[in-house]
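Listed next: structures, encoded as structure tokens.
Next come two complexes, and both contain subunit A; in the first it sits with subunit B, in the second with subunit C.
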Partner chain A sequence: MHFKISKNLWLVAPAAIMVAILFLYPLCFSLYSAITLDNGSFTLEHLHTSFELYSNDILFTILIVLISVILLALLSTIIAALIVLSPFRSVVLILGVLYRLPLFIPFIVTAQMMRTFLAKNGLMNNAFIASGLMTPMDTVSFLGWSGIIITFVWKQLAFSTLLITGAMSALDESQIRAARNLGASRFKILTQIILPQIFPTLGVAMVLSTVTMMSVLSVPLMIGTGTPTMISADMAFRVNSYGDYHVANALGLVSYAICAGLAWFYLRHSLKDKGATA
Partner chain B sequence: MINTHVTIQSMVLEKLKNMPLKFNFWLQILFILVFALVLFGPIVNLLIWTVTEVWYFPHALPSQWGFKYWHQVFNPYSNVSSSLFTSIIIAILTVCVCLLVSVPAGYALSKRSMPFRVFWMLLFLIPQAFPNLTVYMNIARLFYEFGLNGTLLGVVLVHSIHGLMFSVWISVAAFSTTDPMLERASRNLGAGPIYTFFHIILPQAAPGIIASCIFVFLESLDEFTGTFFVGAPDISTLPLLLYSASMEGNYQIASITALILLVPSILFMLIINKFMSPEMLSKLGK
Partner chain C sequence: MTQLKIENLHAGYGSKMILNDFNLEINQGEMIALLGPSGCGKTTLLNALCGFVPASHGEIYVGDRVITKLPAEKRNITMVFQSYALWPHLTVAQNIGYGLKVRKVKTAEIQDRVNELLVIVKLEGLQNEKVTSLSGGQRQRVALARALAIRPDVLVLDEPLSNLDAKVRLNVRHEIKSLQKQLGFTSLIVTHDQEEALVMADRIAVLNQGKIEQLGTPEEIYRTPSSAFVANFMGAENHIEWQNDDNTLPAKSAQQIYFRSESVQVTVPSEKASSLSNDVHFDSDLTCQGHVLQSAFFGHHYRISVRCGAHTIQADHHSDLPENTPVTLRVTADALHIYNNQVETAAHHVPTSFQSNK
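Let's turn to the complex of A and B:
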């Protein structure tokens, strides 16, 4: 038996070592580098510099992530609820195929699509002009903060809806049927029976989406023109133009903090829920 | 006279009863319509740009259409074909690296008796739980010391770490579905452990492992951030080429490159759509 266990450990070892060297070590190093000088002594100078230079961008990043997450949660819940609760089979079928469309479209392709679609002379404005809703003089370019949000929501919606639809259809169907027999409307079933039970999945989907949004470099580089910009673009700039890893890592620390903040918010809520029922 | 009046009244009542349902139906259809427009708009715009030769601001559509840029792209000496080649080589190598480490790991982790099983599973989840931009930056710095920056091997390693989570988790799920009785029977009949693994266990897990390979292949093909830090400017993959073409304002080349990247993704979606139901996803990792 003992022999078998150690053999299994050997089988996991190569993959685990790869994660340790290529992910955990750089991760720890980024934390270390953010709060130390070149000689290894502790300092808050880099964090101070990054707040001084990029406080606008940090605020901008938090706003973009928050707005995107709220929009994502709303839209994906609506779509998933329609798929699970709608009495019209055709609606369910069409929606089920449609929402998965962006799932496998790469971020960089999405960024390129949106760069042309949302531009001043993009198809969106052109369609508004052609339908008479706008004159060519009124058009504005959406490249900027709104473009970044639109791109993130467009791409991530498929993923979060997939998770939430999965959670909703894994629910015990007899509860929904019982509620319906007792005369509950569909809206009431959604808000009082389904949503409380899928809250953990919704939270996980939102936290994972936040992590994705903070890691994607192509979207802020290609859509977010001018200032302010997202801190991911600032980090790339800091490294590529100045070779300044300390400040870039300090900004990285801020991006971890933003993700951790959202994760903390989610955990606190789910713990509170558990405390209430216990 | 009175009778007809009554029937009309009942008909109106009947209609009123059905009204909310009908209203709901049209509301939902409207939602789908808007949703479809929002989804397809950017894709259509991309497709138009691939066959555009001249498109100036006030015009709603290009003033000159044509395949001029396609010829430019598929010219054997263009950057696109060499980048496509590099991208595919990197993706295939990444799949090989991921397979090599994740098949044994997946097999070991599929055993419930594995000590600290949850810990190992979480370890492979970590690369998805942190924003990896900062990590890639520091990997690039680390690789610089070993001379791995701008080499094929460096890019393959970065892509592998990104793909490892998919390949390990899907391999665990695939090996969990294999029948332990067959394994025991094979061993009882005198087959060695290695023979049993390759002839009895691996064939049963093959569909899942192939699915994980496709995932890793696509992830590697579409990876931008890691290549941007580790590979550029020596290694040019399709996403890097797309980025630089787009930043130079060369939207035709960028759009055609994007379309090339889209083809494997859409093919994959059609294949995987059958396997990847939300119900199955909710079982992943259990």
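Let's turn to the complex of A and C:
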């Protein structure tokens, strides 16, 4: 038995060491750096500076993430429902291929694409002008908060739809048939039968998307208009312009807190659901 | 009065037609069992009735109403699924009352109907339980109650007992049958278990390759199977091809003889008789001599395999017989199902035409 345990530990050790060196150590170091001075003594000064200088950006980040997550949940559920429940199989096949495309496009390319698409003289406005729906005087730029949201939603939609479609498809087909058989419309099947069962997957997709959105630098820099901006851009600014790792790490701590807050919200709901089931 | 009428129905998946020109009529309050091997079209027929598989041709009537083109949710034909298809996030009562809730029936009425059904399916007190905490038999009862809650025009059951263990299956099948008699609902049950069909159904339709091979009462199907396929499917597992050597007949023809293992009388002959040749003799009764190949214990009898010439015959015997024991087998004329090779028409219990041929 002793031999077995030590053998198993050896098997796990390489992966555990990699996680510790590449993930745990930098994480702990950044947390430590956020709450200590150069001499190693404890301080809340960096957090205070972060809130003093960047409270608007923190609020802006929270709003951008919340709106993006809500839109993501709504749109990815609609697309997944169309794929799973639609009677028009040929349309579903095309949709099934199309929605996956953003998965293969990096964030920086997406941001560049959206710049040329959403600008005042961008592709979208030009198309409206060419089709006669708008005059050049009426055009507005979507670069800014709305552009950031559009970019995040467009990019993350593929990922969250993939997860949600998978969860919907994994449900027993006869459960959906049973509901139709008893007279339920497709909308009722979605809201009363499917969604309550795939809520945990929807939560996972949203939490993971939040973490991704919080960590992307290219989108706020390329689509945003400067102020307010997202805290990932502020962190880059503190490091690149001032070499101020303490405040950058303090902003990182705020990012963790936002992600943790959403994760807590999701876990609380899913545990409540499980508690009701048990 | 005809409650369900299927007329010249063609249905299948994509370009592959499973049901071709299918016809069936079911009377009000009748239970019909669809019996057949895998892939014969039983489940496709249920799916076509419920609107899950489109009918490419033909009509389906419920009473005077044509429902062929109606979407699944408007047919008022409910299904009990093989996998129960209960919703795990809802309680027993919510599962049963779902169809009524969808129809916007008042909450108090739903509750009354659910309570009534809980009593009928013997699940009183379990209304607030999650279905995941129930046993297989209880889940199947919830599925049955859910399907009955909306008072469907026709109830279809897709192999409802196949996921249950043997003992529970016996109980549930009697319960379904007695419920059907008590409530008088029109139903169609799919099964591949002949015993289940015999016990539960008022009439049985034996399906083969998307068509009804024989439709009749359980006694008719069991005692006078109309074809070799039906005989074989209903348990006449022994098959002997009997070559007719009578030169007075216009052409030589082979007769297909089927019989059940329980119809075979087994005797262990004296030493002298055992020296007879291992051959099959057919003259009104069927007799043969052979040697035991193997014997298996079946509980209330032994199933022995006997080698008779080129044939291996299964026979039931009250006691175990060692390998190579010489035995004499006899099947009386009334237990034989005999079919002409060319035209598979019924010729039961040694038909007159066949006897005259000999």
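A few remarks follow.
Heads up, the rule we're going with is that the second predicted complex is superposed on the first by the 264 of 278 C-alpha atoms of A that agree within 3 Å, B and C clash if a C-alpha of one lies under 4 Å from a C-alpha of the other, contacts with A are read in each partner's own complex, and residues count from 1 in each chain.
In this section, contacts are C-beta pairs under 8 Å (C-beta built on N, C-alpha and C of every residue); 3 or more make two chains touch, one makes a residue touch a chain.
Quick caveat, the model's predicted, so the values are computed rather than measured.
Partners subunit B and subunit C fit side by side in the overlay (superposition on subunit A).
Of the two partner chains placed around the shared chain by superposition, subunit C is the only one that A:D172 touches, whereas subunit B remains out of contact. Within the superposed three-chain model, A:S41 lies out of touch with both subunit B and subunit C [touch as defined at top]. Within the superposed three-chain model, A:S30 lies in touch with subunit B and out of touch with subunit C [touch as defined at top]. In the superposition on chain A, A:L101 makes contact with subunit B only, not with subunit C.
Contacts of A:V216 after superposition: subunit B is touched, whereas subunit C is not reached. Counted by residues of subunit A touched, the larger count belongs to B, out of subunit B and subunit C.
Figure note: vertex subunit A, arms to subunit B and subunit C, all at CA centres after fitting on chain A; angle 80 degrees, rounded to a multiple of 10. In the superposed pair of complexes, A:A130 makes contact with subunit B only, with no contact to subunit C. By the touch criterion defined above, A:I193 reaches subunit C but does not reach subunit B. Once the two complexes are laid over each other on the shared chain, residue contacts for A:M114 go to subunit B alone; subunit C is not touched.
Of the two partner chains, subunit B is the only one that A:M18 touches; subunit C does not reach it. The superposed arrangement places subunit B and subunit C with a least CA-CA distance of 9 Å.
Subunit A makes touch with subunit C in their complex at residues 172, 174-175, 177-185, 188, 192-193, 196-197, 277.
For subunit C in complex with subunit A, the touching residues are 50-52, 71-74, 76-79, 81-83, 85-89, 98-99, 102-103, 130, 132, 146-147, 150. Note for the complex: subunit B touches subunit A at residues 21, 25, 28-29, 31-32, 35-36, 38-39, 41-46, 48-49, 55-58, 60-61, 100-102, 104-105, 107-109, 111, 113-115, 120, 123-124, 126-142, 157-158, 160-161, 164, 168, 218, 221-222, 224-225, 228-229, 239, 242-243, 246-247, 251, 254-255, 258, 261-262, 265-266, 268-269, 273, 278-279, 281-282. Residues 4-5, 8-9, 11-12, 14-16, 18-19, 22-27, 29-30, 33, 78-79, 82, 86-88, 91, 94-95, 98-117, 120-124, 126-127, 129-130, 136, 154, 162-163, 165-167, 169-170, 208, 211, 214-218, 221-222, 232, 235-236, 239, 245, 248-249, 252-253, 255-256, 259 of subunit A are the ones that touch subunit B when the two sit in their complex.
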